[in-house]
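The structures considered in this document are given below.
Each of the next two complexes has chain A plus one other chain: chain B in the first, chain C in the second.
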Partner chain A sequence: MGAIRPDIASQMVDLCSALLLLTCFAIVAQRRLSACVDLFALQSVFLAVTAALVAFLTGIHHIYIAALLTVIIKVIVIPRILKKVIERLNVTRELVLNVNIPSSLLICGALVILAFYITQPIISLGFLLTKDSLAIALAIVLIGFFTMIARKKAVTQVVGFLVIENGLFLGATAAAYGMPLIVELGVFFDVLVAGLIIGIFTHRLQDTFDSVDTSKLTELRE
Partner chain B sequence: MIESALVVLGQAVAALLVSPFVVGVIRKVKARLQCRRGATVFQPYYDLFKLFRKEVVVSTSTSWIFTATPYVLFASTLAASLLVPIFLSQVPFSFAGDVITVVYLLALGTFFLILAGLDAGSAFGGMGSSREAIVASLTEPAMILSIFAVGLTAGSTNLSTIVHKTALMQGIVTDPPPHLMALAALFIVTLAETGRVPVDNPATHLELTMIHEAMVLEYSGRYLALVEWASALKLLLFLTLLSNIFAPWGIATEAEPSRMALGLAVWLGKVSGLAVVIGVIESMFAKLRLFRVTDLLGVAFILSLLAVVFFYILRV
Partner chain C sequence: MELALLVLIGAPLVAGLLSLGARRRRWMEWLQCAHAAVLLAAMSVVVINVAEGSVITVGILLRADALSVFLDLMLAFVGATGLLYALGYMGEELTRGHVLHRRYNRFFCLFNLYLFAMLLAANVDNIALMWIAIEGSTLSAALLIGFEKTKAALEAGWKYIILSFVGIALALFGTVLVYYASEHVLGVSMEALRWEELYRVAPDLNPTALKLAFVFVLIGYGTKAGVAPMHTWLPDAHGEAPTPVSAMLSGLMLNLALYAVLRLKSIVDRTVGVDFTGPILLALGLLSVAIAAIFLLVQRDYKRLFAYSSIEHVGIALVGFGVGGPVGVFGGLFHMFNHALAKSTAFYAAGMVVLRRGHKTIERVTGLIRQMPLVGGSMLLAGLALAGMPPFGLFISEVLIATEAYGQRPWVAYVFLSLLAVAFATLLYQVSRMALGEPTEEDIPVTDRTRRFTTSALVVNLAAMGYAGTHMPGFLRDLFIPMTRLFGVMVEIP
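Then we have the complex of A and B:
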């Protein structure tokens, strides 16, 4: 742990993961597509900071590489791709939602509480660096799932997917001090490819239906 | 005894004198960001001075509520600011009430302002009052819960105890996630309650958007001065709550003149810093549509609720 007292170190990691959770709520409450992408980039910045902190505190150096990759792929490349996609679309915001924003927020609050209850027994058993990070990671995954269900536009669903990925990465970093580097690299490559494919897919959706509302896909049947 | 009286007096004077300055700082920051030179930060003082000497015009259709409201509003806000630690962590008046008293003293002022808006019978006043009622009813739970979240860790709802214990790091197990959520919630509440940009625009007189301005439209002269001064005082009170509940370090923990002077200086710095932040936010964001305000305040409420719930979950 170096020169920093363990309790302060774990509080610093907790603080960073709490910032990730805060940006999750901002994404859920945000209707503008480009702002959602910006918030995702901000969340990835916090994720990179958390990972770097964990790397610094545990002395495991390959987490630094993961943090660097997070910055390159999730803060720079993927938001760029999504912004390009949004520029081509004729919509800038979600107008019709499956679940309206106040009730989405309430549901997300319930999901966070659920995540904390589920992880409570695990936390008290283990010797984790932090008390809250695992619970927060699970909460972020659940909120990401919920965003994918509750929003109709393809772009926000992509953001939901990427939020899930962020949550998983936070969980892996906080609970297991990161996965082996080769797995880490594979996951990053997957996310990048998924981002690209979904970008192309959204273009096709726009060309075919003149809209990126994924519920229109049900019209494809014979 | 005399010391306590002096502290109370000093706190009242500090709150009353600094509040127009904070409004001036926000206006100056906004002007600078719009590439204007802007009026001096002391302009609100000149405005108040001018208004106090102007003649009062009161509509003939108004009742006693209209004339009483400025005094009720000003007195309740000033009383609330005496309960909040400003430069000394243990306020002499802390026996008189805790955070619930502060919240409802402010609510009393808001209530009378809403009545006064309706009283004159103009269409604008009624519109402003109904909007203010929506905003006030949505911010109140978020505000109470976010302060409770901090109060739970300090083991008291008394603001003096909360600030004192946090300042000394005494008996407090700080948990960053709940504190951060409560801070975010209280910040949104501050913007909404003091009529700042995502919720209300203090610089506009456009009938479709205004909330606070619509309610006080009928006021003039010294009544308007009192209302304006009270709203500046409310803004200062919220900024003080934000800085002293969540980061009280630097505040005097004992009633010693030198440490209190230091506490005063630190408080001025913190409050001006927050004023700059608010000015930047006002320049960065557009005002929300009225029906979207509930979304923003919903975020505040959920965050503060989570902050409270976290306390119980993490202690199990």
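Then we have the complex of A and C:
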């Protein structure tokens, strides 16, 4: 850990995780599709910084690789795919939401409290350095989940899914000091392929339904 | 033994890559038949060895114990007949010009990769790598479900992607929680993710963390298993996917997802006792059976009908694991096995009806037995088996589960049996209305080349279904004893 005092180190990790959580709220409050994608890229930057910080403070070097992959895949490749998809769409803003923005923000606040409440009994298991990260990770997962429910456009649902992934990744690196390298590589590979498949499907939706509004997918009902 | 396990897992990967280069239909047929034969041979070696009481391990990555091998048995057997069937089904689509040759190859590539991911997931000795393999099967399945590119197929594919990606993400969170708890005991290392180590240290793990992990994993993999209330993608996906894929989804993937839940259950039970996981599984199981029983009534599409029947059967297996005890656990496992056989048979028959009638509406299909005796007969037999009639295995497991439930909490048995009665009546009504009566529609002929493959797949599956119902094969009995021991109970099979 070198010259950095443990309490300061812990606060630095907390600060970075909190920034991740903050970008979640920004995504929930944003109607413009391309801005949502930018915010997701920003969140991934914070994620990479958190991972690099944990790698530096703990001396577990393979987390650097995870941080690097985060930058490549989640900051550069996936946002670029999503931007390409958005360029082809006939909408740039989401006008009708399932839940309006002020109530969404309130619900997300409640989700954060819920996440801290759920993880309270097991926080003591974790490492001192990253003790709040598990709660924040769960909060991000729940908010991502909520985003997928609250939005109708395929693109924002995808952003919600990616936010969930970021939360999981924060949980794995910060709270558990990273899974073994082979696991992390596998997870990244899966995320990348998932991103590609979602991209393919969004293209096909646009071509076939002339829209990416998922509320138009109503053929299969009981 | 190690070699056989490696061949079993590696064969689909190799065949998948080779099938991209198959320039003629005949090459593909030879390739996939060889693939099916290799799968069956390697599986037999693995099953026989493990049934004798050994555990096969390869390095630190693969480990096949009785539960894994039980899955291998289903994956390889139904996978092999599925390959034969797909050769017929997709070959017919190719002849009719519905798919181009490139997409025909791509279908088999994806289909084989899908089998590869499932076989890997069942045998990998690591809770996180299992997650990666299951995610891999989810990804290939997403492309297979949307394969036909119609509006409905796209919609089904999209629903599947959204629901199962979210589900699988939650399962990863559960996996991270297990690691979070186990590295506290075992330290930050690969060991903290391996099954054997997890079983060893399970009593020392933090109970709250494991409970939380189980809930996340159950919701996550439960979504893939089609457990209510996360089942909504299932009927759409099974209905719209090409029929060989529907058969694999129902017969194999649901069981694989159940396998993942069971693995976690066997660890969590050692930490907190069966009183935590049992009631949760029981409640979700009963809910699944109830929802399926209601929706079976209103189905107009026979592929969706069988899809809802899958939800019912997953629910029945969960009720078995939920009530627990040697009989309940054995009943649940035996149910999974017989369901894989009966449901794939039902879908093989349903796929032939799709090809020869050109639609999926139940009301317009009548007189199958007169027009196509083998297809109609198999559909009727599979329908009887799925409804829970003797002499098929599903009857045995349902009775066992009900008996065990009655012994523990009589009301569970009452609710369970009444729901089964509803499902029984509706399924039998719907299936017999298709199989019996006078045919009213023209038969669209299929080529002999197609028929050769689909007929052999149907006959082999029917034979296995009948055999397993009347007779417990020795190797299967030898597998059940260590499997039930994994759940802390011992079953005695006469």
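Everything below uses one rule, namely that the second predicted complex is superposed on the first by the 215 of 222 C-alpha atoms of A that agree within 3 Å, B and C clash if a C-alpha of one lies under 4 Å from a C-alpha of the other, contacts with A are read in each partner's own complex, and residues count from 1 in each chain.
As a working rule, a residue touches a chain if its C-beta (ideal position, glycine included) is under 8 Å from a C-beta of that chain, and two chains touch if they have at least 3 such contacts.
Because the structure is a prediction, the values reported are computed rather than measured.
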{"item": "Fit or clash - chain C, chain B, common chain A", "value": "fit"}
{"item": "Touched partner set for A:Glu87, first chain B, second chain C, both or neither", "value": "neither"}
{"item": "First (chain B), second (chain C), both or neither touched by A:Pro102", "value": "first"}
{"item": "First (chain B), second (chain C), both or neither touched by A:Glu219", "value": "second"}
{"item": "Of chain C and chain B, partner touching more chain A residues", "value": "C"}
{"item": "Which superposed partner A:Leu138 touches (first chain B, second chain C, both, neither)", "value": "second"}
{"item": "Contacts of A:Ala172 with chain B and chain C, given as first, second, both or neither", "value": "second"}
{"item": "Gap in Å between nearest CA atoms once chain C and chain B share a frame through chain A", "value": "18"}
{"item": "Shared contact residues on chain A - chain B and chain C", "value": "none"}
{"item": "Residue ranges of chain C touching chain A (in the complex, touch as defined)", "value": "126, 128-129, 131-132, 135-136, 139, 142-143, 146, 149, 151-152, 154-159, 161-162, 165-166, 169-170, 172-173, 176-177, 179-181, 183-184, 188-190, 193, 206, 208-209, 212, 235-236, 239-240, 295, 298"}
{"item": "Chain B-facing residues of chain A, complex", "value": "11-12, 14-15, 17-19, 21-22, 25-26, 29, 101-102, 105-106, 108-109, 112-113, 116-117, 120, 131-132, 136"}
{"item": "Footprint of chain C on chain A - complex, ascending", "value": "60, 118-119, 121-122, 125-126, 134, 137-138, 141, 145, 148, 154, 157, 161, 164-165, 167-168, 171-172, 175-180, 182-183, 186-187, 189-190, 193-194, 197-198, 200-201, 204-205, 208-209, 214, 217, 219-220, 222"}
{"item": "Residue numbers on chain B that touch chain A, as the complex places them", "value": "174-177, 180-181, 184, 294-296, 298-299, 301-303, 305-306, 309-310, 313-314, 316"}
